[in-house]
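In order of appearance the chains are A, B, C and D, and numbering begins at 1 in each one.
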Amino acid sequence: MRRIGVFVCHCGSNIAATVDVKKVVEMALLEQGVVHAEDYPYMCSEAGQSHIAEAIREKQLDGIVVCSCSPRMHEATFRKCAEKNGLNPYLVEIANIREHCSWIHKDMQEATEKAVILMRAAVAKVHLNAPLKAGESAVTKRALVIGGGIAGIQTALDIADAGYHVDIVEKEPSIGGRMSQLDKTFPTLDCSACILTPKMVEAASHENITIHTWSEVEKVSGFVGNFTVDIRKKARYVNMDKCTGCGICQEKCPSKKPLNEFNRGLNNRSAIYTPFAQAIPNVPVIDAAACIKLKTGKCGICEKFCQAGAIDYAQTDEIITQQYGAIVVATGFDTIKLDKYGEYAYGESKDVITSLELERIMNAAGPTKGHLERLSDGKAPKEIVFIQCVGSRCSDDRGKPYCSKICCMYTAKHAMLIRDKYPDTNVTVFYIDVRTPGKNFDEFYRRAVEDYGVNYVKGQVGKVAPQSDGSLLVHGVDLLENKQILKKADMVVLATAIEPNSDVRKIATMLTASIDTNNFLTEAHPKLRPVESPTAGVFLSGVCQGPKDIPETVAQAGAAAVKVIGLLAKDKLKTNPCTAKADELRCNGCSQCAGVCPYGAISYETRQVNDHGIREDRRIAVVNSALCQGCGACTVTCPSGAMDLQGFSNRQIIAEVDAICR
Amino acid sequence: MPVTENWKPTIVAFCCNWCSYAGADLAGSSRLAYPADVKIIKVPCSCRVNPMFILRAFEKGADGVILCGCHPGDCHYSTGNYYARRRMTLLFSMLDYLGVEDGRTRVEWVSAAEGVKFSETMNSFVEKVRGLGPNVRLGDLRCRN
Amino acid sequence: MQELMERAKELLASGEVARVLGWKKGENDWDVEPRFFESVDSLQDFVYDGFCGANLSKYMIEAGKKEGKTLVFLKPCDSYSYNQLLREHRVDREKAYIIGVGCKGKLSISKIPFDGIVSVQGASYPDVSENLTVQTLYGTQTVAYKDAMLERCHVCKGKEHVVYDELLGESTDTVDADRFAEVQRIEAMSPEEKFAFFQKELSKCIRCNACRNVCPACSCRKCVFDSTAFNSDQKANTTSFEEKMFHIIRAFHVAGRCTDCGECSRVCPQGIPLHLFNRKFIKDINNLYGAYQAGSDLETKAPLTNFTLDDAEPGVGRG
Amino acid sequence: MNQVDEIKQISGVNPLKCMKCGKCSASCPSFYEMDIKPHQFVSYVINDDVQALANSRSAWKCLSCFACIERCPRNVQPGKLIDAARQILIRQRGQEGLSADEIPALLDEDMPQQLLMSAFRKYRR
């Protein structure tokens, strides 16, 4: 019979306010096998843990139940504490009487009653806990970074500097990501390419980094420490070793119709192209959908002009399979589609553009070679209106419920740059609240207002009506003046909401990383573990985890790198001991369980078994505990209950059910 | 059998450790109340819940059993909830076939970020079970005190 | 029946098979029992007629462990069960010599008394004829063969064998009912009526475990109800709920593996229509996940160890 | 039931959802005829001043064109609030609103359909 100690935490007042902890202790002592029960204001504190240690020694406890906060918070803490005092860590169970009880019930009597029941369930379970031992599994000393934007590049550089090999997989023909499309960056207004390109070159030349551009992750299997990843390198139709990047093929290519994605579709590009001048690798790709040679077999001009003989129309996709110890998701973001926002006439008038399109227009390498002009008639705009929160902070199904965080800063940047370069252009910004909370951020915004005379108006815009004379009539409102505003504008820039890259859901499913309804990857803990996914071995870097600007992205990229280095530094990883195990006397060998195992951890062998005196060769299921992750699918498929899950065994769960329904 | 006013239903909720248990924690930290009759049992994945557990809960006096798991596609073990979905569909269909009130059992997919959904699910489920009164059809039909 | 007996003798005598698994006449004409015949002359008692409803594939689990080959006679519906056992590695194909026997539909002895024929002495029918003559204390009565047939034969799955070494005897088609008609009739009832129906049926259950012992799919070395695997070893139905639990779990464990051979209903001493549980699962699986016949082949994944991304949500059709 | 609950119950609007972005006022065609502007409706309800809203000129100047409801990013539906304010006023005045059978007498060809719809919406019993 187990000697169990029950420790009830007040959690300051979080629990004690609505749960009578003394009553829980009193009821605990009535439970079978409970030889010690006490309460303490902060059980997870040093002092609290010393109480547990003392009780273990004094009362020779071999089972601990801590009634406290969620096991996702402090189960590890209490298990370490038990282990330090000579008790197997898997003989500790947590009853969640805070998040699942005290915080959500107001009536003291009701909450206490429930806390007692949850305590009983935990005691009933601990009675049947087995002293498990964590296994070990090897760690492949190599990391994979999905996404080659600033987040991916920074993470890869930091990991590579620590001496581990990193592969970057980038969907586009070149790394650089969203940042390579920006003109200037806030708050220092230095040119985006100037601070990004050196990092790209450093990543390209780093001996520990391999870059796979024009490639996508196709399949991921395995788990932390040994992921097996299939990477599809799409056919470039250009031999990367021979190509010198001279660019003649792009000039001579007759097919100029495809829209240039890099310039947000504002101008066109040739079928064979590199997205931008400083592309890394500086090797073009052929867009199979637009290339006349690949479609009809005629043409082949680029092959003729290429002195290096690098063009190879016969190239096909290639699948590379690689082992990794850790995977970092750095898939970045894109602006949302504005087709549901008819009131801003984004689709109707060419002069209503998004901020990202404005970045390209103001960029010297952009479609207008850096001249600020209207896309409809090419004239310089005299009246520009910026509209904030387009699609952000919308709880209807058209937009996103969250604030995209970076728009107030980049709109202030745009306004300042325009007023500086074209002093006679008036800039008006319609805002709900200006949110510039970073270091030197508010000062930056105030400079736009005070030094550059940008006209900020508090009030959303109701409608943008394109007029017959080509101008745009903006129906706004000035809530502070309580006046409606009808402003004639030459150009309207929408600060569009951002959302994670469209492929992130596919990647999340492959990595079994949890993802929320806005397609942001869920972090293990919003405050305490922001760069790790709950799925061990998967780390988050950049906007895939939530809206953030470049300084935060680089900071998070570094943090993710440190977590990866921490993981790769270990030779052996502790594996979860709560794995499945087959009882050889009950197993029918019917291989139903292998049919449902997602990790292929179950194999079968015929061996001799002594079933109460009957010696027989039987076909027995064997679980490879290194591969098994403990999901339990096999335990329910097994009709005879032969397959059981250690740590969550059939009898333990039945015991919990009985304790709850008593 | 008249439903006595102070009758409180017993609800067992099996929550998967990675999504719905975290969703329950979020409901807790956001102080989104739901009736105290709901007691949560943590399981590694929704595919760990055996029909024996559900029937055992009813046998021992539960009035409603709800199974919460990750949204299909988000399962931490990639395919766990797909199997749970098939098993529970067949089990619930059999319980309806036996004439058990369909409000007593339910499956709900709740992600770790959906604290509100978790609380709303529990409130609506308890409401439905309270409407059905104590569990008779899946309990012991012999004389009750 | 004669050529079966001759062939059995021939194989046994030649030593190709060590034993023959067939049927033997029991105390009365109609309760025919499965039996192992070890010697040629013991084959005199071999019988194959309308009363041989027993499905012999389950006995092959143990037979496979003995020395030498076993000759077994499998009706078309029994062959599905054998195939399912083969797929679950419970039987040894090399140790079995399978003769697929023709089947003209099997008789259910429990049906005869209910048609007002009392104190039956014996029953027999010439091989070909359409009806059955029943000798009773009060003279002989004739019953149409079709009326005395087992329920499962009215909805027979088809007369071709899925696994055999050789075929003997012809079959006649006996299908004249819709397989899921009864299930649909119950499904259409109100919850109260459904509850009353099953309460009435299941309250008759005496937990003799005949259904479990005869079912080829329900053949665990140690049944979950006989072990402490779940701490729920209810050997007897002490409460009305346990009757339901036993039959729900038994049907659930064989869901996707039950070949609908109808043995459970045939052997139930209380005459409970147990096939209604299994057939309900088969109907749901067919509707929700595509028609699947357990035992039809060795490759397709069983429905409960398979999934598609857009399966129906549990309880979607409910209030 | 005090007026705040009454207006919330009629309109089904939760005024607390408003983030004061002003898009309703920006889209309102009869902004200038109104004394209380659309973005202020919610504050009058929150500050328990429903009577002022009911007695305001805005209640009758609103064309119930639903532009504000269409474009409100927070689904606050201010149009329904002012519509509910009208209902409260009509109820206070003993339900002497427009009834369907009085309409044929008021019809003339060049009266726009929209006006009829909004009149019936505003003055119905």
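As a convention for this text, a residue touches a chain if its C-beta (ideal position, glycine included) is under 8 Å from a C-beta of that chain, and two chains touch if they have at least 3 such contacts.
Predicted model only: the values in this text are computed from it and were never measured.
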item	value
Between A-D and B-C, the pair with more C-beta contacts	B-C
CA centroid of chain B to CA centroid of chain C, Å	36
Whole-Å gap separating chain C and chain D, where each centre is the average of the chain's CA atoms	72
Chain centre separation (chain A, chain D; CA means) in Å	45
Sequence positions of chain A contacting 2 or more other chains	596, 637, 650, 654
Overlap residues in chain C, where contacts from two or more other chains coincide	224, 230, 232, 304-306
Of all residues in chain B, the ones touching two or more other chains	50-52, 56, 73, 79, 83, 87
In contact (per the touch rule at the top): chain pairs	A-B, A-C, A-D, B-C
Of chain A, residues touching chain C in the complex	583, 585-592, 595-596, 604, 611, 616, 619, 637, 639-642, 644, 650-651, 654-655
Chain A to chain B touching residues, read off their complex	70-72, 96, 98-101, 103-107, 110-111, 113-114, 117-118, 121, 505, 508-509, 512, 514-517, 522, 534-535, 578, 596, 598-599, 629-633, 635-637, 645, 648, 650, 653-654, 656-658, 660-662
Chain C residues touching chain A - in the complex, by the definition given at the top	65, 88-90, 218-224, 227-232, 253-254, 301-302, 304-306
Residues of chain A touching chain D in the complex	343, 389, 393-396, 398-399, 432, 458-463, 475-477, 479, 482, 484-485
Contacting residues of chain C [partner chain B, same complex]	186-187, 189, 191-199, 224, 230, 232, 239-242, 244-245, 248-249, 251-252, 255, 277, 280-281, 284-285, 288-289, 303-309, 311-315, 318-319
